[in-house]
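Labels run A, B, C and D following the written order; every chain starts at residue 1.
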């Protein structure tokens, strides 16, 4: 094949490292990307088990110093699967070295870091993206296309939630509950996704946070003791061992969009009954759309142009190879793809943009992700100060 | 039969007059109430067609002056099916005369009126109720019972919406769009219901409005011209004929409940795709409940006490004559009741309380409905002043 | 009003007596029928409680001898709410006297009786109908209209089930388990409905039973002892007291329709998890329809003429006053009607046909119901003889 | 690693070749199988593009003569992804050479071949399995476990369908419509799956086909002309070019299970509205289960041991790493796996059995698949002879 190779280094090998490894491996097998992704180096500060990990996922080399990765002339793209507080230093160093960067979401734990990352991206010859992976869900990508085509008219209402329920009292004090490591709780973990997703689908920006609540229901958690095998995150976790939860369990906020729509957002980790209800409903003057990740293949669509007698919500099984974005790479209609495929799909669009092609649907660069970060920040200010906060206040 | 008669007078005969007429007629046939409801007098200011109306629904007499009804020694209960601005004068006069009153919701168009009505009820020997009819939905009543029994534990999240979509640009300027007649738009019409419903189901009070948005998307509507046959509401409508919409199309707000839960509420009349999505989701520490009036027979319940492998949302068809509140009066399991039955069910509980019995589930008296009115008011203040509003501010 | 009165006599006052009473009362209040239905006489062989019953439901007179009712010159219509084995003698006597007859389904317990009833109807000046009440469900009536308009093209597949689960081992030997009284079990009780419903919706006839199974899982049941208050059915029940179940618990069959479609049918009383799943799916060359009575307001429709990308099952909430059959008499969209309304709707079409008007949608007369009866019979022959049975064999 | 290698050769590279390639590659990365699967050789009669194919999926060698593969001492397992009529010769030759075999479903196009394959497997030291891949769906595997544990009691009803809609008049005459190549139409393609799946879940055998219908709605199809690139199947297709459809579009049948349950089955390719509705409902004396592949993560469960008031269908999201079979290898709860994972899961169980371990849940060997084949045959006899057929007739 005459495709150019793109040498990738992955930093971090927790949950997201495994996910990214799979994405870079599968994208070549299924998606015919314009560049040939080479799994060049797997990097993690903990050496134990790293070679076995690399062998399993097909990484050709290992490395325990991430600065080496950023400095290496062999590496074209640095992929970050590390906790939020490490995004800024690593991404900025890689961008300064002219590498492309693909960074786990949210862009950063703190707004200032996010701004610096966006600035670094602007200054670099490398391209920089964030893995807001739900843009890689065919149903979500198709919703974006429908809205862009004017199918639902002017948007009046946006409702978005990301509800989970894994964080009851019995869950110990992992890094996700520590503000220093995670930046925030459900807010940065989950609201980040639905802010990005609704911005992506509507094509509009949030102009005001009209009110917000942040709450931590479980204020103390059991410290983690004993030896936790694993990568960067777990190592730090072990070292800290504190009892107080310093992040939110839930953040709700109301907002206005640039086109006049009103909106509500909610992220929660103790929304009993919900495992991964990441979804939205958008009501426009000509139609409406609904999505829930717990049924990720389905998009619900109400089309006001049909006559009243047969009008309703149509459940579209977004799995047609010819009709639905990203599906051409996969299986015949009715044969599902899953969570991991959203990362493979994102990787295929990243590779297309790096090669100078159009992505299947737009993917978020650092500039774009910085906008999401400003919304996250504005919501926290609104919750703390119990007032509406125009986005123009947040730089 | 040895049951005592209860003579009822109905004022108003629009949509709600017809609904109340049916309720008072059917409650005796199906529900075995402790008092014998007599459809004594149908009252409306417009005489045309009134006798025919009375004959159809079984009212024994007609009357065109509502003061006569309040003054009549033959009447035991005055039932109000008139626009919101007429609730206060009529209810107060009836209560002063010692009558029982059953009033359409919301209690009043203005907070001051609501307070006066609650005071009048306190001072009267009559009992006074509000037709918050969704308490008469068996699934909602059962949700109340489950929460009260501790089934879902401490409540952490409340989400409530009442979404409709009938009010696009083509809809003319009916009384519902006039603040003087209606008090408010979607807020008083729809948020009133979900405030009452969540207070009823949770058994808790709202302590703070944490933020709010009120919006009128369609600011001007076509005036209604020509002769509109009908009752009090339509008569006034004809007289006014103005072009500006003076009420909201949508009101969203965030809130906190007395037990610590965080909550979101939304009422909308242009939420395309939704006809009558009046529902809630409540997540507690031991379980969760979900309801949507568009599938009014069903209550969804997640029970954390079951083991993980078989846990999920259980769709309960709340139609068992022995197991579910209010259903004993109706049909065997799986054989639905409908919207109008919720009024019949409410009427049966009203009659039980008047007779000194326990209601099937609690029904809202004026004191209770005044609390809902204060929440409505606080949300409007929050939206106008762009800040959180503690309920203690609102008297 | 200048409408003519129609004097009705109801025979039987069990579950169906109550249902018919309500239907005749409500049809005048809601549906503006062309004749004025008068609840003239309630008839039952057991006198105890009959007057109270009549007072409750608005019947003007009572009677304990059904022959008197058939003979009375004051009665225009005889309505039968009695066990199946009584349909033939009562209907034939009433028809001979020139009365209109409305008979509970199935037409008869035995095919010979059904044939005689159809003959009696043909010979009478009275009109004769059967309460196949699911034709009165707006979603089902709308399905009929869609198919008739060619919306789904040529029909290829019909799937119909009526699944209940009330008949486990603990249920005693009621009249429904006795072949002499009931004719058959789930077959006549439930398959009768789905045979009628699919014939109604498709507009086609069944031409062959291609195979069938009849099974009685619970072969013995506890005898009913003690005094059971009630009407005709319960009286007979008490007298008989036998232990063996002589009807089926379930009957399944495969069939072919006149237009070439293949079909499956299943009735069951021990289909755990199903309360009243009476429904169908019909796949045509241009579209498809799905209905389930457990969500009776909804009709699912797949329209092949829409483009693939947005195609799917549309859930139509069949509650629009202007767009959906029968709904004009009831409440605004999204406000449900229930099980009992299907009888009110049927009554309104019966009255229209008797008055010489078009029904809202076709209602089954005795000729039509006799065709359903022949299908029931053919399925039993097929099950007994373990072979395909062409309908032409069954007279 | 000290795991033993297992050298695999794949024959065929159409849709299923790609699927199997992915399965053998991913199983090592995710599932920790007890043997190390080596993608040794990709074999196809068409050489063009074969090396590129092998490179993409990680096959180390290529080969164009399948006899060489069966003879090679380096190969441990021969995997068949070829049309049905090639299963028997290839599998038998491989088994004679002592290889393990994993064969696409159904076992064979003709019953005689299936019997010979089962005999060959019995005589070989190799183990032989069939890719009835829906046993690899966690929800289906969990249903098997629940039934085996007695959770739903004695089984009374089985309903199974596999409904697709891709085969309208416009679809040309591909190999799937040719009896010589495919053996049968929807029957072998789809009924094979649901026969296997219900046998697997119930743990019972089918003892009688009580009636059946086989129908070909579209009797002629456009011949495929021009050069179709591809493997074995497409090559033969080109050569034949005939116009008549010689397989069924749909086959329905009724059946009895060994434990007394009655059952219905239906496979269809023109069931408009259904893309891949492969599912079942099973009603037992203590509970019930429902599955639909279009929502493959979900299993619906009704548990009669819960009290009536809160009883209903529980939608279990079968994605818990600890609680649900096969999920431990994948992602946290609520994060879906897709169609291709069912093959990876099957591969992991195949490898476990070959290594002498217990599979996650039982996988079908040739003996087991031969039983499914007998049911397929019995249904065709029943349809042709229009009578019930006991399975004992079919050898």
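In the analysis below, a contact is a pair of C-beta atoms (placed from the backbone, for glycine too) under 8 Å apart; a residue touches a chain by one contact, two chains touch by 3 or more.
Fair warning: this is a prediction, and the values are worked out from it, not measured in the lab.
> Can you list every chain that touches subunit B and also touches subunit D?
Where subunit B and subunit D share a partner, that partner set is A, C.
> Among the chains, which one keeps its Cα centre farthest from the Cα centre of subunit C?
A
> Could you give the separation in Å between the centres of subunit A and subunit C, each centre being the mean of its C-alpha atoms?
That pair's centroid distance is 55 Å.
> Quick one: report the Å distance separating subunit A from subunit D, using the average Cα coordinate of each chain.
Measuring from centre to centre gives 36 Å for this pair.
> Just the number, please: Cα centre separation of subunit C and subunit D in whole Å.
Chain centroid spacing, subunit C to subunit D, equals 42 Å.
> Scan subunit D for residues touching two or more other chains and write them down.
Residues 274, 313, 317 of subunit D each touch two or more of the other chains.
> Mind pulling up the subunit C residues that touch subunit D in the complex?
It is residues 152, 156-157, 159, 161, 163, 165, 168, 210-213, 215, 217, 250, 252-254, 256, 260, 262, 264, 266, 268, 270-274, 281, 283-288, 290, 300, 302, 304, 313, 382, 386-388 of subunit C that touch subunit D.
> Taking the touch rule as given, give the residues of subunit A at its contact with subunit D in the complex, in rising order.
It comes out as residues 1, 15, 19, 22, 25, 28-29, 52, 56-57, 164, 166, 274-277, 293-297, 317, 319, 331-341.
> State the interface residues of subunit C toward subunit A in the complex, per the touch definition above.
Subunit C reaches subunit A through residues 142, 146, 301, 303, 307-317, 320, 322-324.
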